[in-house]
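Several structures are given next for inspection.
Shared between the two complexes below is chain A, which pairs with chain B and chain C, respectively.
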Partner chain A sequence: MHRTLAALTIASLLGFTATATAATLTVSVHDPRGNTVADAVAYAIPEGKVVLPVRKAAAVMDQKNRMFVPHVLAIQTGTAVRFPNSDDIRHQVYSFSNAKTFQLPLYKGNPANPVVFDKAGVATLGCNIHDRMSAYIVVVDTPYVGTAGKDGRVTLNTLPAGRYTVRVWYPEMRAEPAPVAVTLGTNERNDLAFTTR
Partner chain B sequence: MPIRSFQTKLLYLLVAVLVLLQAATLIAVHVAGERTVRNTAAAELRVGSRLFDRILAGRGRQLSDTVRVLASDFAFREAIASGDRPTITSVLTNHGSRISADAAFLISLDGTVVADTLGDRLTGRAFPLPALVREAETRGESSGIATLDERPYQLVVVPVLAPRPIAWVCMGFAIDERALDEVRRLTGLDVSLWNAATRAPLLISTLPQQERGELGMRAKALAPRGRDLDETLEIGDVHYQALTHPLQTADNSRIHTLLQRSIEEAGRPYRHLELQIFALSTLALILALIASVFFARGVSRPLEELAEGAQRIERGDYATAIDIRQADEIGRLAKAFNRMRTGIADREEHIRYQATHDSLTGLPNRTLFHDRLSEAIEKARQSGESVAIIIMDLNRFKEINDTLGHQFGDELLFEIGHRLTGTLRDSDTVSRLGGDEFAVTVFVREGSLATDVAQKIGDVVEAPFTLAGVSIDVTASMGIALYPQHATDAETLMKRADVAMYEAKKNHADFAVYEPGRDEHSLRRLAILSELRHSIARDELVLHYQPKIDVVTERIAHAEALVRWRHPVHGLLGPDEFIPLAEQSGNIAVITKWVLRRAIADCGKWNADGHGLTVAVNLSALDLFDVDLPTYIGGLLAEVGLSPSKLVLEITESAIMRDPAAALRVLRELKQRGVTLAIDDYGTGYSSLAHLKRLPVDELKIDKSFVLNLRRTSKDDLVIVRSTIELGHNMGLRVIAEGVENAEAWDILRDLGCDMAQGYYVSRPLPLADFGKWVEESPWGLGRVKSEV
Partner chain C sequence: MSRPFAFLLAGLCALSAQGQGALAWNGFALLRASSVNESGPLVMEPISAQVQVGLDWTPTPAITAHVHLLGRTDAGDSTRGHAGIPEAYVEANVHPGGDRLRLRGGAFFLPTSRENVDSLWETAYTITPSALNSWFGEELRPIGLDASYFHGRLFGGATLFRGNDTFGALPVDRGWALRDHWIVLGERIHLPQLFPDPNEPFYDTSVSAETDHRLGWSARAGWNGQYLLAQFTHIANRSDAMDHGSLENWNTRFDVVALEYTRDDWTVAAESGWGPTVIIAEGEAFVSGLDATYLLVSRRWDRGRATIRADWFRAGDVRDRALTAAFLLTPPGRLRPGIEVTTAAGHHRALIELRYSFGG
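The block that comes next holds the complex of A and B.
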């Protein structure tokens, strides 16, 4: 988790320096009582025909101490996700979700092939032999996606100027908060706030 | 009058108290038992009802767990996740049958039924029990009771996790008799379940078919009120305590349980207890009865024995002791009784001895003698023996007593008793009848032997006694009467022996045997005694006169007046027959005075006629105690004008000896008045010469017993008569002989120098008229003298 956060921080710093013209969007998610919602996912979908960059690097859903790490993994459609097993016991990985239905039979170490999530949606992961293990892989059709930490804030950097539809997802979501349309200018910084239903 | 013994009373009381106590106990136990049974039954029903709830809840949890495990089956989840309805339906059926579910539903997260095993009846519709789903959402699982197809079901809802909930699976388990049977098995209660809302309310029951039908008809009446309700039911002949209890249902269907408990069955331990108490009570009663019988006997039997003992004492049986050996109060009472018994026996024995024995001699007294004689008679009657009774009277005992003192007399009597006892056999009885009178019964083979016994007794008694230095001879007169010759009963026998004894005394014999007819005489005496008092008033007494002849002149000198009683029945009675009676009855003074008056009057007449006779009158011993007698006689003489010298008073020797001092005083006074005094019956008494010398007498009459048989050949009488005449003459007394019956006696007397003589040889006593004639005509008379004058 820390490593991920560190990576994200580095990436955003890089974004700042590389494209000084890019806009920054900060999304915070609260529940109706004002509490921050951890592990919330925020993503911005550009309007119109835009060719979106595709991240070639595989994402990682690790299993440590009988937990999926991270708990929520947000990825762009078509991203391959590797499922290394860092525990010294075997794990099985399955998803019955429409976004991606798959099973990885009991294994140790790194499986040979990653799983490619080529359909937008949320895949709920479980381990067949450890009922308590669960994780979400949120697959969205945009590279501008981020996962909130405990502070419930997601900062999307390097967004090209333009119009975006900003949506959020969070675990145990019953109904999606209404998407927010936002127009971002160059170097514009914008803050959005979502309240869960 | 019903007599209840102490024992019976005690028993009645004990039984009454025990029965009352035990009846009260039994009633109390019964009432308490009834209440307890109902309370217990009601409590049992509540427990049963809670237990039923628990069992259902437990079954719910168990089913939930089972269903959850089932729902986490990967293949199941995979099938559910497939989204293919036929697959889902089949996996519901398949896995549901694994856990014996009767129905299974898959419900989407939005509450719509996705698939069901009831022929898709609910598929596509909202799940009818959303509350269960809501509860499962919050608690992760839920279970509840609901009616499906009019049957009670227990439903369980759990999520299907992949691993987040993707749907709800609901499994239904029909509540059937098996579930109820478990309650019945655990609690012994019958359980029925019914839905108050439906037409055929009774759903299931543990009751047998018939009762179930009956209860079904009754169920409507048991209108449930949504809360626990105690009921009493009667199904068939069985009484039930019942409880209706509404079940919590998920669909608000009005399912109730009815738990029931047979009162009889619940009360069975109490019936058993009551029986036991009854049995124990009866046992206790019997034991108490036995114990009280023993106790009461322990008290009343000794009391009865004491009562019997007291009655024995009352009857006079002192020999039997009361045999009670107890250390308690009754034992002490018995001891006191026994001491009292022996005390009474001793005292009574003493009293009886005193009552039956003579205190002086220790011999049986008259009473005991009478009894002994009766016994002897009875014994003789059986053995054919004879019994002789000898009554003995001492002669002149009174004189011995008077001269030698009572002490001496008592010692003499004691000694005589001692001698008699020593002489006779043990089988004979010696008794002192009183005074100087003894009696003896003797068994004899024949009556004639009785005289031998009398002879022996006479010898023994007449042997000299030496007492206190004084030697004395005693004679006795005995009368003998024989059983069976003279009488057959003791009383008559004694009377006849008495008669014989007097006969002997009269004849100066040692003994006499009773002669039949003699005691008529004594009967006559009794009759005479009663008539004697009236004899003077009726003028029945007359005087006869017997002449006393002057032996020298052979002419009458004195006329002895002899009283006769002309008795209207018995004829003329001599003085021997009534004078002693007159002495005993106190009439003698009257008679004496009458005789004196008459004799003095007659004598006065004779002297007036010039006969110059002297009259002699007998005085009784008792007359000598009459100090007025001399005055009276003086009066009479003066009245007639007769010289006192013409009166001779004859007094027996024994009469003077009774009280010599008093007699002497009277005699001296008479002598002073000039009356002539004579000693009568001289020679029979014991008067000493010294005595005689002091007496102021003029004449001495020799007792006729010495004269009657006076012959020249009978030496003894001759000596006595001669010495008496000489004695009299030496003392200056005239001597008179009476009882002269023949010429020989007359001649002897004349030769001995006797002064006067009287007797049948001269004349018997004559009535006044005859006497007058005799005086005129007899050669002894005065007729010639008169004619000469």
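The block that comes next holds the complex of A and C.
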């Protein structure tokens, strides 16, 4: 009993310490006119040799009302993605992108196996039955990644102190905005702004 | 069944047996009871059944060979209508510069319907489709080449096809109908005589017979927003408008405007088509105007879908309308019970259907 309590206390303290030492980086993305860019992806790549945590839980790209949900899914390299079909009709999901080429034959409900995205890049998804369906899976070599809502802002709030290269991607991107190098101290909050080209 | 499509089907079976590529199949079987079987737009056998199967062989994600098989008890007034192949094609997808180009060759439904959006060209909303899509399912099946191009929110496509020389005969000679009778390759649907006369020949309509050796074409363009889709399609079968034995060719040009709005669990879809169809008899051209429009509103829940659809249709001077209400129960599993009530041209029809999905 005492051992359990002690273990829980230590675990809580460690968790608190990890949270307390994490830096927060807020990235906002605008177009040249100043409009926010929804579904923009921002990610921070640590510089130097750093052992990165690996996400073990599968991510989800759902299909509902003949739309992929979310429209943009940002994941770390090696993440498995499940593709449930929540519609009452069949879908056939495919990607011809270099980042991941695959196709899921026509199905309803849940396909048997998730798809593992083991290479960085952008996979453009479609449904061969419903041409209007499209979505993106952005695969990056870092766990520090997020997707913007309608406000065009991404908050990365579990960054260990250190130096990072911050990059962004957004749908229909023609040229990537220049990456920005940033050094984050313990508990530091930092804001970055990117303008699309 | 024409020979190339038989070869395609045999090839799929052989590849499946050898385990080459990914062969997937899906489909459904249904049992349906109808309250009416009289003539008119709502004609249907009191009890009917269908089985439809789609076979897809995908050797690489960019290439798919598709065969759609159909069997039914209610073949209507037709020859070779009980079983056959509605669709058989090979398609390739390429992605030039992040865009998408899809090339398709074979026999296929024109990929424009905003109502028949499920696999095997099934409607997702009701048991029977609108008058417009009933007609396209029954008398239009391009056999040729189709190219679709998708660039961001814009898309376009063009089709060059043979066959379909009689496209236009059904609405004029028989009248519009609301039924899911997908014509199969090689099938001939018999047309009623406009003025019954035992000395006059009977005529048929067919999608696969090529009698005038003139290619038809279709083109489409549209815009696809997050929730709204707008699309325009033109179809011209370029037939010679002459009789060829028992086949009655109609020269038909038809335009279709489509709008679809889907947000959350609601869908509003509408298509409106119009155009002239011409036939030449005894040296004289007879022109009939055709038009058909539907508007549907559908709401989906976790375990069901309710839809109301209004149809307006005209052939020549004959103008009519229909109102359809449907509820489809979609519990977990493979069974989908459904009920549909339609009133059209003074007729009323109630349908009950039990559908079992398999594969996929």
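We adopt the following convention: the second predicted complex is superposed on the first by the 179 of 197 C-alpha atoms of A that agree within 3 Å, B and C clash if a C-alpha of one lies under 4 Å from a C-alpha of the other, contacts with A are read in each partner's own complex, and residues count from 1 in each chain.
FYI, a contact is a pair of C-beta atoms (placed from the backbone, for glycine too) under 8 Å apart; a residue touches a chain by one contact, two chains touch by 3 or more.
Note that the structure is a prediction, hence the values are computed from the model and not measured.
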Given the alignment on chain A, is it a clash or a fit between chain B and chain C? clash
Between chain B and chain C, more residues of chain A are touched by C
Is A:Asn65 touching the first partner chain B, the second partner chain C, both, or neither of them? second
Check the residue A:Lys108 against both partner chains and state whether it touches chain B (first), chain C (second), both, or neither. second
Per the contact definition in the header, classify A:Thr124: touching chain B only (first), chain C only (second), both, or neither. both
According to the stated criteria, A:Thr195 is in contact with first (chain B), second (chain C), both, or neither; which is it? neither
Let me test your reading of the model: by the given contact rule, A:Phe96 touches which partner, first (chain B), second (chain C), both or neither? both
Once both complexes are aligned on A, which of 44-52, 98-106, 116-124 or 278-286 in chain C overlaps with chain B? 98-106
Both chain B and chain C contact which residues of chain A? 94-97, 101, 124, 126, 128, 131-132, 172
Listed in rising order, chain C residues that touch chain A in their complex are 22, 24, 26, 54, 56, 58, 61-62, 64, 93-95, 98, 100, 111, 117-119, 122, 124, 148, 150, 152, 155, 224, 226, 229, 262-265, 267, 300, 305, 328, 330, 357, 359-360
Residue set of chain A touching chain B in the complex reads 94-97, 101, 124-128, 131-134, 172
Within the complex, chain A is touched by chain B residues 72, 74, 77-78, 81, 161-164, 166
State the interface residues of chain A toward chain C in the complex, per the touch definition above. 65-67, 71, 88-90, 92, 94-97, 101-103, 105-108, 124, 126, 128-132, 172
